[in-house]
Amino acid sequence: MSSVTTTAPATGSSPAALSLLWIAGVVLLAAVPFLAPNLQLLVNFALAKGLAVVGVTVLLRAGQVSFGHALFFGISAYIGAFVMASVPGMDFFGILIAGTLGAALAGLVVGLFVVRYRGIFFGMLNLAFSMIFWSILEKFYHITGGADGIRLTRPTVLGMELGRDAFELFLYYTAIVLVVGLGWFTIRWFASPVGQLFQTIKTNETRLEYLGISPRRAMLSGYLLSAALCGVGGILMATAQGVVTPEYVWWVRSAEMVFIAVLGGAGSVRGAFLGALIYEFVRTYASAYAGDVWQMLLGAFLLVIILFAPGGIIGIFERVFARGKGTS
Amino acid sequence: MTEPLLETRDLVIRFGGVTAADHVSLKIEAGRNLAIIGPNGAGKTTFLNICSGWIKPSAGSVHFEGEDITRLPPRKIVTRGVARAFQIPQLFTEHTALENLLIAASARDGLRNPLRSMHGIDARDEMMHLLDMVNCADVADRVVVELSEGERKLIDIAVALALKPRLLLMDEPTSGVASSQKDEIMEILIKALSEANVTSVFVEHDMSIVQTYADEVAVWNAGNVQLRGTPSEVLEHPDVIRDVIGEEIA
Amino acid sequence: MNLTTFLLALFDGVSYAALVFIVALGLTLIFGVMRILNVAHGSLYAIGAYATVSLVGWVLALGAAPILAFPLMIVSAILVGVLIGGPVEYLLLRRIYDKPEVLQLLVTFAVFMILEDVQRLVWGTQPYFEAQALRALGNVTVFGVTYTVYQLILLPLVALTLLVGLRFFLRRTVTGKLITATTEDREAAQSIGIDADRVFLLTFVMGAILAGLGGALASPTTSILPGMGADMIVLSFAVVATAGLGQIEGAAIAALMIGMGRSFAIYIWPEVAVLVPYLIMVLVLLVRPEGLFGSPAARKI
Amino acid sequence: MKKLIATTALCAALPMGAFAQDKPDSLKVGMTTFLTGPASVFGVPARDAMDIMVQNLNDEGGINGVPVEVSYIDEGAGAEALTSEFRRAVEQGGAEVMFASISSGNCQTLAPLAEDLEVINFMWDCGTQRIFEEADYDYVFRTQANATPEMLAAVIYLLKTQPDFETLAVVNQDYAWGRDSWDIFRTALMQFKPDVEIVGEFFPAFGAPDYSTEISRLQALQPDVVLSTSWGGDLDTFVQQASQRGLMNNSTFVLPLAESSLERLGSALPPGQIVGARGDHYFLHPERRDDEDFKSFMSQYEDQTGNITVYSVFHASQALAALEAAYTKAIEENGVEWPSQEQVLAAMDGLEFQGLGRPVTIREDNQGIEAQLMGTSAQNGDYPFATLENIMIFDGAELTAPVGEVSTDWIETLGPEFVDEIEPTTFEN
């Protein structure tokens, strides 16, 4: 019952001009700390969130919408905070790995349940799992710090203690490397046999079954990837933020990820990052300059995109720049 | 006598009050294309669904090359060598024809490398050849939703063949196709089957097709095989003319 | 737990369930007919409450009898349904029925965001409280525990009336049958001359009125404040998904389960009360993927 | 959008403002407050009050001729927006001092950030006592009390006015404040009156719309005292539902934050309940209500907002008073036109300032020492809502954990005699 307008899952590469443009985009991002240092933190948040949005995008490729993926974002962030609290002097890469593995493991456990479901039920069940975790975070306050969350002290980097500026700069470039690396991986994964089998869930599970493939197993592969991506995003966000709160898992946060995925261009990895950047800018500046109506502005923005540019921002972007059939 | 490719023993299935399969025992020999004919609602598709694992029978068993496959899910039966084509083509509609076949080949070969594009897999030439065999090479790069029903039916069969099955179950391969094209499709199909050394069981309503392309015919009526034999034997039988062909004409 | 506390927990559960059911009813009606999960339902609930408080406050300030609060609740609900629900369907949803369901859902999410700010712009951030209607009905004492008549008797009664009324409307009246026919097969309904656009508009307005009515009825019992809609929508989702989407009677039973689960939790193990709705939902969906009363969609090949 | 980014990038490239010693055009202050979300019941009044007070201050020539300019950041927009905006205010907005924040969670996020950014930060409203108990800060100060004196005042007021109660139940919001405040209250109560039986502990969800079940439970349990440190809409709902169902006929309610709900609750808050104000914050402050500045501000505030003040208004006044006092002191001590940041920081040491309440002093651990006001609700017809009688104002120093001690550990060293040793100033109303 569910299907999403995605850019064709075909695997053709984008025209060279467009690729150059993307490379220019990454270079521009890398130059932010020098050109506009005040935007660095904001872009860092957007990149972290963008990774989680890619996680949601993976599922959109199979026509499924999760309204609870903030769960994995939050699990990873909390694991990072717990590890930092219990192992003093923990290294950044230690919590990055721990958080991502934790999110993937949670993805496996939740995934084993939810891969049986499709459409609205898939979305709702994910929502329920995330809300259970949210309630637990709020409830077991002596462990989780309740609504105030847990402070995540600055980890060392390969044994070095960095000051805030140095650490943030390191984190920023780590985020760019992860975004480029994981974005590239996800695009390759989409084009690979496993990724293609996963995406066929959107159009025909019967045929998938008759190819000798378990749709649930195929679904689980994508679900794991999406959970792990959210996990990486969560740990990046938590270290950039320095604190984790139950708000990381709140349903509006999950809806926001779907919001950004569709805003950027549902199904597009690059669109997810583009969407996250634009969303974060609009949100921050709208709340700064139009404190009373920023939600309204965002809502109206989303409506305009859905009604008039269903391909999302990436759709507009590629229509303007691409000559030929540019995809994902 | 050699072991049959597929054998059903005493299959029974009931839906509510209707008995769709009533103690069906049927043997299918390798190398002989079997057509199943019979009036609507006689249980022909249900029979294919049971053999391919989509529906579990109330009683009885299905054996493929001697192995009991009754309780296996479709995907396990597929990996044993039984492929299925459908009355309504079951394709990945947002993919191209070639991609549909490449996905099938990936599934068959169990490809796991997430960094290698599906388009670069070794089976690509094989799949192009398969498309060529079903006369669809010219639409290889077109997205399935844009194709005609006839093309989709052929690609549906090609996808099944891509799995290198030993038995292919087909549900009305020529339905939904203009009558002028039916023979063309069947020609292509039978040639492809023999080239790939695949035995087929196909449900068919068009008696001239059955006459021309089947090696054997089973007449299905009221949930069981009423009569079985060569096309000429069966189609001249008075009961068949009255019960089955008469209805087809009407 | 003795019989008395059991009964007390039962009463609390029923009165809570009644309110949740009324809100969930509109959500499930809209989903049943239009296949849209309306996230903005929570905002309509909140605006229903705000509208009631403003209207009742204004009319009672003119010196009217408190009992007048009851018709004013209905007026507020209808205003919400017609003035907000109507335009939302007519101007927005109508353009997206052929779009994928995630986009439909996001459109309602966008409406939710917009309406959240509208509430704040119109009513500000300070909580409102207007309990004249609740006081007008007085209290009743059971086993030494005082309940308000409003919560113990009126709310369950209204919920029951709505349940029976909606069943009757859908099964026995011409308009109701048009709606059911459209639900079953939109194209077939159109082919026999049913104006599906009108049916959808009508359904959405009805659903919105029910959301508004939920808010109106809740208003004397709770503080009306920003954010109340976001909480309610998650709870209603849980009820509707537990019941099986589009299941009206099912929603009543799911609401009772969740209401009871919550109140018994407060008596036995208060720590888990917040978790109860989601636990029930997950457990039910794991056992019955389509919800308690939903029917699995048959897949044909 | 593009234009917005371009503008911001441009702003970033501009030099960061004048040298500290030159007299600037204005003293820029960033204040985080809830403009959206449930806590805007405090945030919006504080902003409105701040606007009035800043206007008043600037009309009188500002601080040594420099006008104060406050910009606001919405805490309701989420933690990411808050941290980005906080940084932006400091690094681009040229804010010399920040007032942050209302939420304790946000204080815990922003305090280390302020320290890293080396910007002076006044924690103007958040209650958590943990911040200075867990770490030392050079740039972060609290211009008001923390949760410990607030809760101790409530316990002591209860024991002084109703020494004979036997049972108590608690209904708190299920989040950090609800839990923390109960921890302190319970620990103190167990030290001062160990025989009290705690018959029920309820932590309904934050923002819960309905307390019917909890109230039924309380009616069955019949505790002598019901404590709730809830605030805002949650407190309103709980009190309304409880009073409607007659729960307050048999139990005394202790509501340490009810001062901020008095006006909204109207006649729903029956007489005889214990009300606190997170400090000596009350629009009829018995020591201050006849003072000219107090009276004129109160009437200004009521004219502009149509409401009476709540405690966050007092907290805002203290933050601004601290700012004025620190700069004035730094200017005098150093004999300069305008102080450098080091001079302001030096002036913070032992700073005394007075907002709308009693004077507040900054202790050596940067914690403010603030008086606490408790009272009992009365419906005497002067206002369409409850006012306070039998008011006690506690000196903050005795109730605050000594420098370097953790509050709960310190409370555990106290005995029942502590209650008698504390001698608040008492007023009939």
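Order of writing sets the chain letters: A, B, C and D. Residues in each chain are counted from 1.
What we mean here is this: a contact is a pair of C-beta atoms (placed from the backbone, for glycine too) under 8 Å apart; a residue touches a chain by one contact, two chains touch by 3 or more.
This structure is a prediction, so every number in the text was calculated from the model and none was measured.
Enquirer: Please identify which chain has its centre, taken as the mean of its CA atoms, farthest from the centre of subunit C.
Expert: Following the centroid criterion, the farthest chain would be B.
Enquirer: From the Cα centroids, identify the chain that ends up most central relative to all protein Cα atoms.
Expert: If we average C-alpha coordinates per chain, A lands closest to the whole-structure average.
Enquirer: Express in whole angstrom the distance between the two chain centres, defined as the mean CA positions of subunit B and subunit D.
Expert: Centre separation, subunit B to subunit D: 76 Å.
Enquirer: Let me have the rounded angstrom distance from the C-alpha centre of subunit C over to the C-alpha centre of subunit D, please.
Expert: Here subunit C and subunit D have centroids separated by 37 Å.
Enquirer: Approximately how many whole Å separate the CA-defined centres of subunit A and subunit B?
Expert: The answer is 43 Å.
Enquirer: Centroid from C-alpha atoms only, then distance subunit B to subunit C, rounded to Å. What do you get?
Expert: From the centre of subunit B to the centre of subunit C is 50 Å.
Enquirer: Which residues does subunit B have that touch at least 2 chains other than itself?
Expert: Counting only residues that touch two or more other chains, subunit B contributes 86, 90.
Enquirer: Give the residues of subunit D that touch two or more other chains, as numbers and ranges in rising order.
Expert: Within subunit D, the residues that touch at least two other chains are 35-36, 174, 203, 205.
Enquirer: Which subunit C residues sit where two or more other chains touch them?
Expert: In subunit C, the residues touching two or more other chains are 120, 271, 274, 301.
Enquirer: Applying the document's contact rule, which stretches of subunit C touch subunit A when the two form their complex?
Expert: Subunit C residues touching subunit A: 37, 39, 92, 95-96, 99-103, 105-107, 109-114, 116-118, 120-121, 230, 234, 237-238, 241, 245, 271-272, 274-275, 278-279, 281-282, 285-286, 289-291, 297, 299, 301.
Enquirer: Using the touch definition up top, name the residues of subunit A that touch subunit B in the complex.
Expert: 6, 8-11, 185, 188-189, 191-197, 200, 202-204, 206-214
Enquirer: Taking the touch rule as given, give the residues of subunit D at its contact with subunit C in the complex, in rising order.
Expert: Touching subunit C: residues 35-38, 40-41, 43-44, 174, 201-205, 207, 209-210, 212-214, 216-217, 219-220, 232-234, 236-237, 240-241, 244-247, 264-265, 268, 307 of subunit D.
Enquirer: Which part of subunit D faces subunit A closely enough to touch in the complex?
Expert: 1, 4-5, 8-9, 11-13, 35-36, 72-74, 77-81, 83-85, 87-88, 91-92, 103-105, 108-109, 112-113, 116-117, 128, 174-176, 179, 203, 205-206
Enquirer: Show me the residue ranges of subunit A that touch subunit C in the complex, using the header's touch definition.
Expert: Answer in residue numbers: 1-5, 60, 63, 65, 113, 116-117, 119-121, 123-125, 127-129, 131-132, 135-136, 138-139, 206, 251-252, 255, 258-259, 262, 266, 292-296, 298-300, 302-303, 306-307, 310.
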